[in-house]
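What follows is a group of structures, each given as structure tokens.
The two complexes that follow have chain A in common; it is paired with chain B in the first and with chain C in the second.
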Partner chain A sequence: MRILSLALRRLAASLPTLLLILVGLFLLLQLAPGDTVDALMAQMGGGDPAQMEQLRSFYGLDAPVLVQLARYLWRLVRLDLGFSAIYGKPVSSVILERLPVTLLLMGISLCFAFAAGMALGVLAARRANKWPDALISTLGLIFYATPSFWFGMMGIVVFAIKLSWLPAGGFEEIGTGATGLARVADIAWHLVLPVSTLALIFLATYLRIMRASMLEVLSLDFVRTARAKGLSQTGVLLRHVLRNALLPGLTLIGLQAGTMLGGSVVVESVFNLPGLGRLAYESVVQRDLNTLLGIVFVSALLVISVNFVVDLLYAKLDPRIVADR
Partner chain B sequence: MSLLRRYLRSPAAVGGLVLLLLVVGMAFSAGWVFPRDPLSLAGRPLQWPGASPRFWLGTDNTGRDIAAQVFHGARVSLLIGIVATAISIGIGIVVGALAGFYGGWVDTVLMRVAEAFQTLPNFILLLVLVAVFGSDIQTVTVAIGIVSWPPSARLTRAEFLSLRSREFVQACRVLGMRDARIIFREILPNALPPVIVYASVIMATAILLESALAFLNLSDPNVASWGNLIGAGKNVLRVQWYVSAIPGVAILLTVLAVSLVGQGLNDALNPRLRSR
Partner chain C sequence: MFMTRRQALLSSAGVMLAGLLPALPAAAQAPAATPRKGGVLTIHLGSEQRILNPALRASTGVYVITSKIIEGLVDLGTSGRPEPVLATSWEASEDGKTVTFKLRDGVKWHDGKPFTSADVQYSAMEQWKVHLNYGTTLQLYLEAVDTPDPLTAVFRYSRPMPLNLLLRALCDLGYIVPKHVFAGSNVLENPANTAPIGTGPFKFVEYQRGQYVIAERNPDYWREGFPYLDRIVWRFITDRAAATAALETGAVQISAYNGLPLADLDRLRTDPRFEVSTRGVEANVFNNTLEFNTRRKELADVRVRRAIVHAIDVPFFLENFLYGLGKPATGPIPSLSPEFFPNNPVPYPFDKAKAEALLDEAGFRRGAGGVRFTLRMVPIQNGEDVPLLATFVQQSLQQVGIRVEIVQLDIAGALTAVYRDWNFDLATGWHQYRGDPAVSTTVWYRSGSPKGAPWTNQYGWQSDTVDQLIDRAATELDPARRKALYAEFVKAVNEEIPVAMLTERPFYTATSNKVQNHHTTPRWDSGDCHDTWLAP
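And then the complex of A and B:
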């Protein structure tokens, strides 16, 4: 219970941040040339000024900026993200349609990157400064330096075009009418390349952090005690070192949640996945600022909730954090 | 001098430096080796590398010389990397210094702003900035600098927190120095090394961010950037995959070089950490 209250307090502390983001973005978008009415008119192929004035007062765009800001925030409190003129439906429903794909992509990539990064990091730390360590660290550096979209494209060339093992893009085969397990398998099949692409950069970071923190923990006194009482090397690593070394990696998940969302914009574009990232890109191209603002809001919420979960896990892994308060 | 010797002892750091010098060399010699506009029509489109002696890296789908674009692209990437890093570090240092030196409500407010920036995904904020202010090369560079300042602010702040109550600062106060002079002339030089090392991370990220933006056709189409070339190659990926592959390798090597140099500098500056 104390863990929860601690995490809830952290969550409450992020509310002012969220407010700051929203006000900042709203003011920023005031600088953008053209408003919703201009975009609508451009879509309809022009209209007379009287009609535009009418529409402006209909959307409340003729009010002073501060009034508009207050209205905007009040709408957000009720989770009303406004209306997308381009898609012809509320922004919230456009986003909700796209959200599951992105969450799936991010979730699997995160798990994969964390697990693989951890395993490789532990392996490298156990053989620190010998050849397996050098090899793993070099691979990590190369992964880190690879632009993700390029890696995805080369994956398409090798695995989809040359070898035809995997599909080149899309979320699922359209028109097969598959349901249940067959559909799940089909989606998993389509996600292999995107997930490995997105996971790769993060794998590199986790690998480095895990290696460093394993080496750090290995030099502490309690590890010597564990060895002295006769535990095997594996036992020491798994029971004592790993749990302590996990903490920095966990912090990193919270810090990198945003980077991963940004990465999914690019990855979804490479693989034609109908997710939130691709929606962000499309709304920039189509100048659909309402949708773009909605996406920014949702991604800030996502980052905050990921950090909430990380806080909970953190306290679970290291009880001292709660006891200290 | 001992710094240089320590740096040169690590083969990875030396390799990175050589690679970086190579890219810098490409950037400087671009105008001389390929005097023509790299975005102008050079020959028959989609010639494979080595197929014609005139185009040793081939031509892309609109008949532009890939080698010329790779050389001129080095210029663009390095320039964007350096300028964006300078902007980001500049903002970061000022914000971090003020927050760390004064503490109190100044610190609270500035760190809230930094937190707001860190809560928003960098790339999505970059998309918003490009959507609002357009996508010519100056705007893109400034936007990349703006989205990546918070980590360097936090780093500077942490240094200032530990330095501000040291004796030399108290001595400055007793001498009656003004705050601005204490911050920028006395404390800042001591706080800089970790920030400078971190600059390599920012630069690597900046180059990657620009290439991703260019790949999405949201960067300046009128400059020969590597990301633009990869984006152009997307349409002919099935057969002429080399159009995208070649500039990708260039980005990879440049980012790798920058990271290796940064890591080498870090190790040379903190020799105690290396033995771990």
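And then the complex of A and C:
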């Protein structure tokens, strides 16, 4: 119950921000030259002006900007995200179709990046300034500095084209009609490369943060006490140090949830995954205002909820934090 | 120079094909091999389509999918000329104002209803004439379609309509949709726009947004024993490099209309697993253009426009930026269009000294820093080559003392800037030639196009001679006289050069060698695939 009221309070507090973002984006997009009908003309290779006018009124673009904004907000109040110009159906259903792919990609990558980053960070901290540390830190820096599309393309060239171990792209095999476990396995198979690509970049950040905070915690007094009472090195690390060192990493998850959504645009394009990131890109190119605003709305909700979960985890790891609420 | 390299590459590809594939000697080309039933053909598409109705949207993206599902009255056959599909014969009246089509008997829509002349009448009057891009212009003078019986459709025009023009144009702008599905509904919102119902060899199954479209064999197809394939799947892959990867791993078998990066097309040309060629896409040609806003006082002077074209080394650009995939253009009618090509030379070949002399003569001498004047250029990004050409033009013009600033916009923005706001000095993009100059070429020169119409004359340039030539040619019934009129038109617009056609380029298609009987007609990728099959 307490969690629920906390969640509601959080949501209420973020409403003004959400509104500002949406109105700001709406007005910003009005500044972009060309509208969705121009984009459509570009795709079709031309058409006559009468037809363009007809389409503009079909998409409701013939009204003044403020009227369009008012219409949009009025729909939003009724939880209606509007109609997508590219897909010809309600934005909510377009987004719902794409959301699972992005959530899956993001969720697995985040977990993988966090877990592997943590493990490697701990390892590096344990052997600080020795060769394992140097190796891990260097690799981390390389991953961090490499653009994700390059990783993706190289993964495809090596594992899909040269070795034929993994599929080159797509979310699942088309038209196999697989269900149940076979389908899960098929999707997992297709997600290996994209998840690794997306995770590698974030892994580096977690690794660095983990290493630094491990080293910091290791120098604290209670660690010496733990050692003094005769705990093994591993016991000290896992039971005392790790728990305290996790907090900065968790903060980072909350902060990076948004970045991940952005990073998935590139990965989704390279691996041809039908996710939210590619949808956002397509909506910008095709000037599909409703869809784009819908995506921003959903992404904002997503980031808010990830941060909420992070807050709850905080309290679990460090009970002192609850007292502050 | 560009020809030698291109020919060398193409012939070496041929040698490799012959040399490395001893196991499949006949299979690569010869239709003599016995067709095999079954199999799934997967085709790459670079962008999501909003609707799948070729009677409402004329674009290659729509055709690549719907031409297998929906058929037209005629289509280009192996001879390269319009051949019967849903129409079996046609006849024009003496005055050219009536064209009578006899329709095929016993054809059924995918939902089981019979196909009749009422469907032709509905498609022409309610969709082509009202909504279809380029169709509205083509059918501007269409007064009515009479249906004396279910298998006869009579098109009545208020002005003479050249039969050749109509037939050629109907291959692209003449798809027939079912009246019983559309009539009485809001045409733009009809669900059949994304779940098409036609008479073609394949039936629509599913459109998964952002991923794929599936169609399966139509067992009741009117061509007995066809099609061979069980299914066709179209996969949307927006990243071009990823599309190459999909082709190389065998996830897709065909990528048409320059769907892959030029570098990959060049590389795959020597790969024995694929055929990279312009075969089967002859009906579509495009030019890289350079459009002049003649409202600028410098560009109002024809000598400056000529000088600018003289300053650009097009063969060098083709050779070094486009892998030799094209040749210099001679004007708005490409050499790949034998019916209309006037066989003229390149009007303003590369000649830097001449360019400088013309600019001096026009009174724009080099000022401070050797600069004569500055121009703003808007690239209209149809393809990856457009920004390359923009930079190349920028550097070429710098050599003759014209500074060019490139304005970066995405395609929707660029179309608005150039064609609606006239906010440009130079623009560069693509002109697409669609088989007959009257379809989408003369609008680039005819005055009177309303502001905002993309790819039309918005340069502030007008010529009575050219306007008259265009109008006369559009209603001239005699093919020889029509060709002569278009030759005059090319001469006139090359003289005035309000827009320069710099390159002439065919589209390239990459096809896996598993696919048999492919690219046999001039617009094969926009054709029906009824006789295509897959080798095991």
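Quick notes
Just so it is clear, the second predicted complex is superposed on the first by the 268 of 325 C-alpha atoms of A that agree within 3 Å, B and C clash if a C-alpha of one lies under 4 Å from a C-alpha of the other, contacts with A are read in each partner's own complex, and residues count from 1 in each chain.
Just so we're on the same page, a residue touches a chain if its C-beta (ideal position, glycine included) is under 8 Å from a C-beta of that chain, and two chains touch if they have at least 3 such contacts.
Predicted model only: the values in this text are computed from it and were never measured.
Of the two partner chains placed by superposition, A:L312 touches none, neither chain B nor chain C. Once the two complexes are laid over each other on the shared chain, residue contacts for A:G258 go to chain B alone; chain C is not touched. Of the two partner chains placed by the overlay, only chain C lies in contact with A:D48; chain B stays clear of it. Contact with both chain B and chain C is seen for A:R287 once the two complexes are overlaid on the shared chain.
Contacts of A:F271 after superposition on the shared chain: chain C is touched, whereas chain B is not. Contacts of A:S14 after superposition: chain B is touched, whereas chain C is not reached. In the superposition on chain A, A:L215 contacts chain B only, with no contact to chain C.
Once the two complexes are laid over each other on the shared chain, residue contacts for A:L123 go to neither chain B nor chain C.
Contact with chain B, but none with chain C, is seen for A:T146 once the two complexes are overlaid on the shared chain.
When the two complexes are superposed on chain A, the residues of chain A that touch both chain B and chain C are 32, 153, 156-157, 161, 269, 281, 285, 287. By the touch rule above, chain A contacts chain C in their complex via residues 32-36, 38-52, 54-55, 58, 85-88, 94, 97-98, 153, 156-157, 160-161, 164, 167-171, 174-175, 269-272, 274, 278-279, 281-282, 285-287.
Contacts from chain A toward chain B in the complex involve residues 14, 16-18, 20-21, 24-25, 28-29, 31-32, 141-142, 144-150, 153-154, 156-157, 161, 215-216, 219, 255, 258-263, 265-266, 269, 280-281, 283-285, 287, 289, 292, 295-296, 299-300, 303-304. Note for the complex: chain C touches chain A at residues 40, 42, 47-51, 57-62, 131, 133-134, 136-137, 188-189, 193-194, 208-212, 214, 231, 233, 235-239, 241-242, 245-246, 248-249, 251, 382, 409-417, 420-421, 432, 440, 443, 449-456. On the chain B side of its complex with chain A, the touching residues are 112-113, 115-116, 118-133, 204, 208, 211-212, 215-216, 218, 227, 230, 233-234, 237-238, 241, 244-245, 248, 251-253, 255-256, 259-260, 276.
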